[in-house]
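Both complexes shown next keep chain A, but they swap its partner, so chain B is in the first and chain C is in the second.
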Partner chain A sequence: MASFYTNGLFIFIYITTRYFLFPHLLKMFNAEQMMLQYIDVLFNTPFISYKTLKECILFTQFKNNGSNLNQMPLYVSLFVNIPEQLHFYMFALIDMLTLLYFLKLDIPHCVSTSLKTKFWIYLFNPLIFLNLIMRTQFVFTQFFIIMALYYCQNYKLNKYHVYKASISIAIATYLDIYNIGLALICLNFFKKFNQRKQSTICFITALTLLYFISYRINSNFIDNVILSCVLFKEQYPNIGLWWYFFTEMFQEYRNFFKFVFNGYSYIFVIPVFLRFKHYPLQGSVILFTWITMFKPYPTVGELGFILTAFVSWFDMNIIENKLIMGLLVMHSLVLLPVFYHLWITVGSGNSNFFYAMTLVYVIGLALVLLGMIKSLLYNEYISINCDDKNHEEDKSDKKLNLVCV
Partner chain B sequence: MSLLLALINKAVESGIIWKILRILPILSKLLLVISVALIFGIVPMDGSFRNTYISENALMPNQAYSQFRETEWNIVRGFRNEISSLNIWNLDVRNRIVRNWLDDFGLETDLFQTDFNSPFSNGLKSEVLYGVLNGQRCDGTEAMLIAAPWYNSENNYNVGGVSVAVALTKFFTNWPVWSKNIILVIPETPGFDLRAWVESYHKDLKITGGSIETAMILDYAMDSDSFDHLDVEYIGLNGGLPNLDMVNTAIHVAENEGVKVSINGMQSFSKPSNEFKNRLEHIAVGLQKMAFAGLEPLKGHEAFSGWRIQAITLKAVGHGGNSDITTFGRIPEAVTRSVNNLLEKFHQSFFFYLLLSPKLFVSIANYIPAAIILSVAYAAMAIHSILKTGLLTSNDKFIDIQSIEAFVMYAVSLTVSILYRQFVALIQNNHLSTQQQGKFILILQVFFVFTSYRVYVPKSKTKALMQAMAFMHFSLALTLLLALNFGLCFGMGVLAYPMVLAVEKNTSKLKQRMFLLISNPFVAIFLMYSFTQDKWSWDLFNIMISTWDNIRCWTWPVVSCSWLVSWILVVISCNGEDNVTDEPKRTKED
Partner chain C sequence: MLVLEAFIKCIITYTLLLPFTSADVSTASFEEKLNLKLLPKDYVLFSFNFKLKSDNIISSSNALFEFKRHNGFSRSIEPLLTKNNVKNLYIKFTKGHWDSQKWGKLPNNGWSSGGSGVEIWAMMEASNKDEVIKNWNILMSEVSGLFCSSVNFINSEKITFINDIQSYYDVDLLDHIPITNEDNELFFLRGSLANEAVCTENLSPFLRILPTNGKTGLSSLINGNRLFDSYWNSMSIDINTVCTDESNCYLDTEIDINFVVNIPQALARKERPTPKPVPAEELQCDPSKKLTDWECFPLLSEKTYSFLLSDIFGTYINDSNRFNKEQVSSISITGIDDEHWSTGIKVIPRGVEDKEEIERLGLLGTSNHVYELKEHQKTNYDIYIGTTDNTKVALDESEYPPIYVTRSLTGDSQDKGVMRVAFTNPSQQREITIRYFETLPWFIRLYVSSLKINVKPYKNLNIPKFSGDAKDVILKTDVKPSIIRSAPLHMQHTLRIPKNSVVMMTFDFEKPLLNYEEYPPDSNHGFEVEAAVVVVIDESYEEKALNGEFKGHLKDHNYIMRTSTLLLTLATPDFSMPYNVITITSTLMAFSFGLIFNLLTKRVVTFEDSKKLVTERPLVRLLKGLKLKK
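Right, the complex of A and B next:
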């Protein structure tokens, strides 16, 4: 009983500090002016930022055609109905639910992450918290991805879970078209053909329905959101690898390279689907990381999700170069806003500085991806090649092989 | 790739990585030595610097014949007589009279009122006179600025500077060549009020003349007809340097006029520039000025940093030399005409440099490794401390009460450091003079170093984790600064290094405390600053905060958010007992 009360107290403290105290403190110290404007480029793109959302709300209220909205109509109409003071609490609610589903997710048996550890990992991830403070759309996308993974994992408990999973992955796809590959990976969760069929049909129906409703609300979203995202029409500098190429490129070659880049980011959907058939949870994170590396509008919020998943769903003992990985990601995250500031505000640097840092950042991300794949393959190798007797021996062997640099 | 893999495997098998990990503290010291040697040894050496050159060909300095000569001589002298007789009057009388003259020349003029009301500069009121000369060929989008404060940074009446500025403006009105507006600004001092004017220019000033490309501050604070040499000051706030082309143009023009030129107040023209010691002095003074920009008396060009304005101060030094006052006028004239030629912006990647003499420079690629290496030196210590905790090598649980303690201490020291400004403001209200306040803050640091172990003694794992976090924090802060303000980054990295020595195992208690004391940000900066100023400057901390409040000089927040945090963590961690055994490591070796 005592533990119940301490837990209750603990959750109370958690909620008050994370959703009320800290945002309030930041507002008090004028963080928007002092600090957040410098990291704006890391967290926001025109398609997910809160600023464009406010713009969209204004357009839908006062100017009915809304032909230049950069956000999905359903997402906007959700926020139109909420008074502006409560917007943050909507995001906070979603964040809380994300945490809930994240804790409920079953983790693979090879990883011994306890419930408490997962809780701390999510709580102390500054990227996820800043993403929440920035009120980006990725808070929602992340929630629907984690919800989909949860329902996929527990599809046996209830026959409706298959539908719930498909619908949430459809919503995640609806919010960001680049998540469409995850729908395929999630089919690996289901063992029977029938369920797969159900899931596929449900996914397609839900997505079509969402698009149809959006089309009825505002038909311009296809051009303004989906196509401008996929075809990179809003050429703002961001932490991705696309913008620099297209600032240098002649008009005639652009279409070809847009095709090539998009193809490149989608090229591993089927290989991941086939290779990591038995590890759909980790497979989906691997695919997500790959797409984040090469999509046109990536943000650091996605890195927050990737790192959380990486630490809690993969066997960290196998992964080498943890320090190098960490240092690379940390230093690139520190230097990215600095070089952006040097380029845009002070004017003494130029775009090459910023682009060089995005390259370093992507290298850090690639190391994370390699670590994920290595840990997965290592575990697979052990589970296939070693029976239970040798298992202990292997573990000690594993320890010896560690390189902790 | 496979070759790399083979190499890594080889390294792992031979155990060289473990050997490297064991000597990390020595490696860190070695990196510090390399870094310092790079800046003070390699960079001034022959071969690593180059002669300066004009990168933007459109500037063409001194291609046109300078006209501000003997014909203007009587006009300058007339203005000088008038202005020196204005010395007895108040600012508003002086401004009104000069404004009448400017109106007669055909400038659009106005007065700008400034008023500071921050706790660290109580109610400074001032008035800035400015006028815009609309260029005949100009579309009003770009401007060049000439400023002459009434009193210069040494608080001398700037009679020559103002009269040359006024005479030049009159001279400029006769010419039809200007394709950029020319703005004349006459503030009371080159400090806060000029900065306030610039800030207002980019917000809500009544008369504006387009974006300011360049700014020159004329400082000729004497009555004599001739001066000895010209001093060019260029280092702006927050590590901002003007484009090297601007500095080069000014130096080139001045030397063409037969004026001896020095930079940063280093009178090195008597010595040959091929002397190693000379270049070394230049680099040391340059770095010091970069680190302390904004804390030393403001020269004027600092007011313009942050708005993409290339600003320099031209200061005439010495009575009765070879060059007369119209020569001093010809320098801004020729620079203005050069900049007038400019069609585009100043060239990129000419913003990061160190000058070794007026005509020698090193580019960023040659000196930035020093800062990176310094950052790595601290990162190495952080890795060393992480290894001491044994988190990476053993399968212990990461989160237990000790590590949570360390995180809490980190959060506490971060909060304390951020709120330090409020704390200093509290002292401010207690009727202490600024000198006493400075002494009080310093005594507080000593007190903290020698008594903190009575309050809290961390366990061994907490201790190691705290050290890891402190050094990682500092390393990240140095990385952040290295491109923004190289001087501050390098200075902080070197001055804070005794922190690393303090955490070593075999230091005696007293020695450790001494190391901690001299690596304290306040003590270290105070000592360094007093050394460079040649007097005990107890009011340094007040200056730091007031410059942050009034002219956005980042030194205070940078120091308090990076160095102070790490220092507090290191002091607390040094209180911890030292019974750390290297168990995880030993098992590894077996």
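Right, the complex of A and C next:
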């Protein structure tokens, strides 16, 4: 009984500090002006920023087309009906639901992360929290991805879960077209062909329906959101590799390289689908990380999701070079805003400094990705080759010395 | 053969007779005027005004050949308009800053000057917007050739379509515009090039349009040296198509050339073309400050002086207007009182060329300071202006501008900033309604939703302050967002400025990167952003005009002004290393692809098994086999 009350009190404190106290404090100290503008470049792109959302909400009155209205019509119409003071609480609600689904997700048996640890991992991830404070669209995308994973995993509990999963994936794809690969990976969850078929059909119908409704609301979204994102029309510096490449690329080759880069970010969809047939949960994170590295508008919010998933769904014991990995990511996260500030505001550095940091960031992500894959492959070996009886002994005796050939 | 001969004869008689038959219907005329307005602090505003009317531009359909008679009207204008279906065309070249705090209202209520740079307005007939833009582009390249200006850069990225025509154009004149095709609509467009350098090569086309060619009449005074060495100058040409009935249309053209000159400086320029110190004997010292044999604080300006126009322009007015016998050229001098100022005209008859002889010629003065150039023979004229107290120039209450507008960019970084516009209504009696017309290039990502508005009192007076919601100041908003690389952001706010108050609007904006070839050669200089247009509306007049009860001219009721242009700096990439960026990025991508591809395609085995596996690889076996053979 006592623990029930402590838990209740604990959750109460969590909710008040995360969703009320901290945001209020930040507002009081004028955080937007003082701090958040420096890390703006890390978290916001025109396609997910709250500023664009507000602009889109305003332009629902005018019915004029403009290329800077880069938000999906349904996402905008959700917020049109909510008074502006309550917008943050909408994001807070979604964040809370994300946490709920994240906790409910079954972790693979090889990873021994307790519920409490998962809770802390999510709670104390500053990237996820800042993402929430910045009110970016990724709060929603992340929620739909995690919800989709949860329903995929528990599709056996209820026959509607297959549909729920496909619809969530469809919404995540709707919000960010680069998530489309996840739909394929999630098919690995379903063991029977019939369910796969159901899921595929449901996904395609949901996505078509979403696009159709959006088209009826505002037909310009194809140009302003999808094509603008895929073809990198809004040239703002971000932490990805595209912005500098296409600023400097020669005119004649620009379209060709846009095609190549897009193909590049989807290149591992089928290999991951085939290779990690039995690990769809981890497989989807691996694919998500790869796409984040090479999509036109990545943000650090995505890194927050990746790191949370990495720590809680992968066996950290197998992964080597954790220190280097962590230092690289930290190093880039600290220096990215600093060098951006030096280039843009102070003028004492130039764009190459910031560009160099984006390279370091991508290398850091690549190492994380490498760790993920390695951990998954070794796990696979252990679960196939070591029987349950031997397994216990093996673990206690010595560490398996595994290599890839 | 006979028939042919008769035909040719017919044609010849027709050709010969034609000029005589149509001579009496000529509507062509030419008027010229010069107004000198003395402004406080020794400034003077020269306003040249030329009015031209063309002949009937609709050729009668029964004519065998099309004979176009121009009667002094420039031949280049008419094809420019008719070919592209342009009905009205207003071109304005402006340079410098009009100090409305000191000098009061803009000349002609602001209608004859534009924002700094080139500004073009056009009323065009077309079936749809695409056709308009197509015609506009052709028009611009022709105008750019005609006026030697780079207006061909005003493409669809810069033009705006104007909605509330009644604020910028006399609505009743719309009825007089001929429309060739009933299905077509009229579009009113505006485009401008900010801070385009205006110079002599733009002036000479203006003078060439005049029938006097800048050689005789008042236009003989205008020369590039004088015009562009002024504090503020503007040249504008307004071409309107006006039809009295279906077969009678003419082009009504008005050319205004205005500039502000500081008299002592202009006179000093004549005396000492190269800057040299004033000789000691001419130096006037300020007695209120320290004055010894060695120290002298010069008086800022002399209290008494007199000058002739020829001192300022370097030439006399050569002859009068010979094209219009009824409307003689006239020169008027305003803004002065009779007590302290005197004016006069000097008529220099033909043949008198000796300087001393000219100096000895007498002056003729009139009480109303209006002079007409009447002599119908080759005669030179000169105007004299003298004063006993140059401080006795004061602006009328009605000459103070109804509004002051300042616009600026703030923010310290190159990726975002704030645009701030402040409208001041200095009047203590009445509130004013204005239209704030803004066009911003697409590379300013302005967030209209971030608009913050507040109202502050202008001066601390005893009249009640504005109380109420600042948002109520905005009566109407019209926004057309920008489209990347194809359309500018256009917004128009109708505001009501309360009396004695300052309304401040701020907008947040972000600035993107451009592709490397889109940056100008001096990319760190920044981009010029064109001036915003502000019209002070006479509401009762506008209502009447919309209802068709037309009274008076729009230009007498609405006051139009432009803000200053802005300089926008964008973040620049390092232009020197495209190859580095391309190769390093590609290397990194290939590197991460390789790492992951490597892992995905390989088997996981224990270290002990791996040795065996490695030795069984086909390549290793092949090598082994080769070794054994040796």
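Details
In the analysis below, the second predicted complex is superposed on the first by the 385 of 405 C-alpha atoms of A that agree within 3 Å, B and C clash if a C-alpha of one lies under 4 Å from a C-alpha of the other, contacts with A are read in each partner's own complex, and residues count from 1 in each chain.
Everything below uses one rule, namely that a residue touches a chain if its C-beta (ideal position, glycine included) is under 8 Å from a C-beta of that chain, and two chains touch if they have at least 3 such contacts.
Here the structure is a predicted model, which is why all the values come from computation and not from measurement.
The superposed arrangement places chain B and chain C next to each other on chain A without a clash. Using the contact criterion defined above for the overlaid structures, shared-chain residue A:C152 touches neither chain B nor chain C, since it reaches no partner. When the two structures are aligned on the shared chain, A:Y264 is found in touch with chain C, with no touch to chain B.
Of the two partner chains placed by the overlay, only chain C lies in contact with A:W290; chain B stays clear of it. After overlaying the two complexes on the shared chain, residue contacts for A:L132 are found with neither chain B nor chain C.
After the superposition on chain A, the angle chain B-chain A-chain C between C-alpha centres rounds to 60°, nearest 10. When both complexes are overlaid on chain A, the residue A:L369 reaches chain C alone and has no touch with chain B.
Contact comparison for chain A: of chain B and chain C, C touches the greater number of residues.
Look at A:L335: by the touch rule set out above, it reaches chain B but stays clear of chain C. Legend: residue contacts after superposition of the two complexes on their common chain; A:I306 is shown touching neither chain B nor chain C. In the superposition on chain A, A:N350 makes contact with both chain B and chain C. Closest contact between chain B and chain C, by C-alpha atoms in the overlaid model: 5 Å.
Of the residues of chain A, those at positions 345, 347, 350, 402-405 touch chain B in one of the two structures and chain C in the other. On the chain C side of its complex with chain A, the touching residues are 412-416, 442, 445, 447-450, 479-484, 489, 508, 510, 512-517, 571-574, 577-578, 581-582, 584-585, 588-589, 591-593, 595-600, 602-608, 610, 613-614.
Touching chain B in their complex are the following residues of chain A: 116-117, 120, 124, 317, 322-323, 327, 330-331, 334-335, 338-339, 341-342, 345-350, 353, 402-405. Chain B meets chain A in the complex at residues 8, 12, 17, 21, 240-241, 306, 308, 348-349, 351-352, 379, 383, 386-387, 392-393, 395, 398-399, 407, 472, 476, 479-480, 483-484. Within the complex formed with chain C, the chain A residues making contact are 37, 41, 46, 51, 54-55, 57-59, 62, 64-69, 228, 233-237, 241, 243-251, 254, 264, 267-268, 271-272, 275, 290, 293-294, 343-345, 347, 350-352, 355, 359, 362-363, 366, 369-370, 373-374, 377-378, 380-381, 400-405.
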